[in-house]
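Some structures are shown below for you to check.
The two complexes that follow have chain A in common; it is paired with chain B in the first and with chain C in the second.
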Partner chain A sequence: MSLALILGLAFWLGAWATNALVARHPFGRTPAGRIFVPVLFGITLLVLWEALVRAFAVPTVILPAPSAIAGKFAESTGLLWADFVQTVLKGALSGFVIGTGAAFLAAVACDRVPFLRDGLLPVGNFVAALPIVGLAPILVMWFGFGWQSKAAVVVAMVFFPMLINVVAGLGSAERMQRDLMATWGASYWQALWKLRLPAAMPFVFNGLKIAASLALIGAIVAEYFGSPVVGMGFRISTAVGVLNIELVWAEIAVAALAGSAFYGLIALAEKAVTFWHPSQRT
Partner chain B sequence: MKRALPVLTVLIGIVVIWYAAAVWMNSTWVYDQAERAGTTVSFAEMVPQTMDQDRPLLPPPHQVGAELWKGLFGQAVTSKRSLVYHGFVTFKGTMMGFGLGIVTGVLLAMAIVRFRVMDMSVMPWAIISQTVPIVALAPMILVVSNQLGIEGREVPKAIIAAYLSFFPVLVSMVKGLRAPDQMQLDLLKTYGAGEGETFLKLRLPASMPYFFASLKVAVAAALVGTIVGELPTGAVEGLGARMLLGSQYGEPLITWAALFASAILAGMLILVVGLTERMIAQKMGVRT
Partner chain C sequence: MKDTGHADQPVIEAKGLNLVFQTADGPVQALKDVNLTIGAGEFVSFIGPSGCGKTTFLRAIAALETPTSGTLTVNGMSPDEARRKRAYGYVFQAAGLYPWRTISGNIRLPLEIMGFDRKAQEERVQRVLELVELKGFGKKFPWQLSGGMQQRASIARALAFDADILLMDEPFGALDEIVRDRLNEEVLKLWARTGKTIGFVTHSIPEAVYLSTKIVVMSPRPGRITDVIDSPLPQDRPLDIRDSREFIEIAHRVREGLRAGHHDE
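So, the complex of A and B:
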């Protein structure tokens, strides 16, 4: 057994014991404790990964060590940033905004016209379960290799999941509350603005969270079917081809950071907007 | 009937829009051909020509339907051109990933409900894992499994599918296993039930509705994962590979037919899960 392995295992056991202790200790109930435990767990995984790679001299082609990936990351920040702008900011974000915006408007239309809702909702439920991502090759053919085709794939992917959530949200206000609005003589739009839209917000944010992770998937997959010589999907597929595995992992790290940041921002906005909802009270 | 009417209207609307879009998108090709031949075509002449092109930009529904029919029933199911054959390959991958996802999700949920330290350390990472776009990992998983000497593409596909499908199961099972309230737990304690018995007789049955609700989401996610696993990784079999083939050889009809075949597969999978749920609910004596 090599030194790296012993050190790694020792760190793992120590960290696990610490976490188990913290989980039982009153400190584990405080906000700081809630952050401390998962962070230590994450660090442990990284240390264990590094130790295993070093101890067994795993070839870089199979799994590079975290330190090697971090080195590559620091070395090629310019490249990674360009890919990030192309894929996340141009492709995923614009598609996300257009797709969720269109779904939101469609949901309001469904709310206004019950006939449309009864028709669109079963269809939407079914389409949301389909592998829409298969449209990627067709949309790349239609819109070319630029970021527009990636945005189109994202729009197609996020539209129906978002629609279903918003429609469900707009229907979530209680009968009693609606009747109250009616007794006050509120018009349709007033009731929508003051009651049903705020009541729909938890569902809207749920939809946005689902859409956020779909958006990144769509933007990256679409790049496998053709892209300019920049972009995360493009970089991954070409780097895999020449076995530049550290760069692939650096891109994966960027994707993970972008995905988590995207999700985190939506969660923050949710906290600010739906502070009244039971799930947000502490 | 009352519920079918709006759905039918929407479906008919989609088909109408589709035809209109097909005429609009395919007309460019017709006009180009006419210009090259030195003739002009009127609108009435143009429309029929957009309906049966070999390589339409957007194939109209009847062309997709014909291609789909040919793919499903036009040849022996063992043929490489049969969509049933490719559908079955995708189905196998989906089932492997789905099974792996269920096992992972349920085991993790059990550990999380039982040990507080697991709950605190693993749960946040499970959520983060879903914000990482798996497709970024897909080519990696393939390379690694190749290097490790795993033959074929079934294992990497199943891993990708499991990665997407374990999460809904995990979240619902955590909720479900915690569904029994304090009163019920106390009752079992007064009966002198151990932890294992409480789990088997109270927590597990209580979690079943949550479990099945998550399965419908998970099976759809597993199918998406399998197709994603077939798309960018150069697979030669499966519906995802057919879509890729159609795009590479400029045969949009193949891509569209594969797309609809995967929709049919998704519908069947969800239906089967729903029927299983109803059967088991009846056996367990759930009243609806």
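So, the complex of A and C:
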């Protein structure tokens, strides 16, 4: 057995013991303790990964060591930043905002006009079932190689999941809560604003969380079908071609970080807005 | 005093009222041939076994259910017109507070909808909070209060906008005896002071007799009225009136009416 492997296993056992201890200790129930356990767990995985790659001399093409990926990351921050701006900020985020915003308005329209709901929702389920790999090349043809076509793919991906969630949310107010509005002689818009929208918020955030992960996938994958010489999807597909695998993994790390941050922000907003919901009460 | 329409005109009038629910297991006759007249300022209790249509009748008055046949008028209008004129305060069988609003926010909600100005909203919220003894709980959220406190908050919410007709569906069902006694007294005081017309559903014979000027006894399957008792008790009713001979006689008649309804089945 190589030294790297022994050190890796030793670290693993040490971290395991520490986590078991922290979980039993009062510190484990403080906010810091709750972060400590998963962080240590993540570090352990990285150390094991490093140890295994070194011990068995895994070829870089199959799996580079975390240290090599980190090195690549550090030396190409400029490039990674440009790709991040292109794919996440321009493609994913604008598509996310346009798609979820339009879905929200469409949901209110569906709610107001039952005929729209009966027509649009079945079509929506059908479009939602279309595979993105089929849709993306067509949208690239329509909207060009720039970020606009990526945003269009994202819009197409997030629109219907969001629409379905918001429509369900608008119907989620309890009958007694709606009857109260009726006894006060509330108008449609008053009841919408003061009852049905607040009641819909848990569903709205559910839709936003689904849309957030779809948006990132959509923006990256769409670049495989044509893009300018910048962007995370473009970089991954070209770097694989020249066996620059560390760069591929560095891009994957950026995508994971961006995705987690995006999701985390939505979860924070959710906590602030739906604090009253039984699942959020502390 | 508010204008309650023409003095000789009944506030609520039901003639030959039928209401049938179409359910998956076939039609359910919730109300059958209901005739009832309620004058301005009356306090009417509805009593009867579970499922006899008390809630349904109250909901029909508030235009939340539509009768299948017969006529029902409120202040001489259709119930729906009266609803749009904000003629009712309605207290449901459960509190039904909005969990994203504080207690004050919940009580303020109908006032916002009816367009009261900010200052009037604040004053009214404070006044009704005091009335139901929830002063100091305005900033709490509904789920932070006990079930009884939530129910009192929902009563405060129905009182805040001062509708002439107050419909209450077992408002005190979930409360303990002591709080119930106190709120009964409060409701009577409120009624005497404001001259509101009150429809009140209860399962408690003493509560019905203590509060009402008119007691409507109902029986189930199909839901119908079996007896209407006009109470001879005076307007002014201390709690110990419940030990008087008159009180016990009325309670007896109500109990007989309930029992007769059971025998018909």
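As a working rule, the second predicted complex is superposed on the first by the 268 of 282 C-alpha atoms of A that agree within 3 Å, B and C clash if a C-alpha of one lies under 4 Å from a C-alpha of the other, contacts with A are read in each partner's own complex, and residues count from 1 in each chain.
The rule we apply is simple: a residue touches a chain if its C-beta (ideal position, glycine included) is under 8 Å from a C-beta of that chain, and two chains touch if they have at least 3 such contacts.
Note that the coordinates shown come from a computational prediction; the quantities given were computed from them, not determined experimentally.
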Clash or fit, chain B versus chain C on superposed chain A: fit
Chain B versus chain C as contact partner of A:277, first or second or both or neither: second
Touch count on chain A, higher of chain B and chain C: B
First, second, both or neither for A:177, with chain B first and chain C second: second
Which superposed partner A:213 touches (first chain B, second chain C, both, neither): first
Arrangement angle, chain B at one end, chain C at the other, chain A at the vertex (C-alpha, nearest 10°): 90
Touched partner set for A:54, first chain B, second chain C, both or neither: neither
First (chain B), second (chain C), both or neither touched by A:194: second
Which superposed partner A:185 touches (first chain B, second chain C, both, neither): second
Minimal inter-chain CA distance - chain C and chain B, angstrom: 14
Chain A positions touched by chain B in one structure and by chain C in the second: none
Of all residues in chain A, those that touch chain C in their complex: 174, 176-177, 179-186, 190, 194-195, 198, 201, 274-278, 281
Chain B-facing residues of chain A, complex: 16, 19-20, 22-24, 28, 34, 37-38, 40-42, 59, 61-63, 115-120, 122-123, 126, 129-131, 133-138, 140-142, 212-213, 216-217, 220-221, 224-225, 232-233, 236-237, 240, 243, 245, 248-249, 251-252, 255-256, 259-260, 262-263
Residues of chain C that touch chain A when the two form their complex: 59, 62-64, 83-86, 88-90, 92, 94, 96, 98-100, 109-110, 112-114, 141, 143, 161
Partner chain A, residues of chain B touching it in the complex: 3, 6-11, 14, 57, 115-117, 119-125, 128, 130-137, 139-140, 143-144, 147-148, 216, 220, 223-224, 227-228, 231-232, 239-240, 243-244, 246-247, 252, 255-256, 258-259, 262-263, 266-267, 270
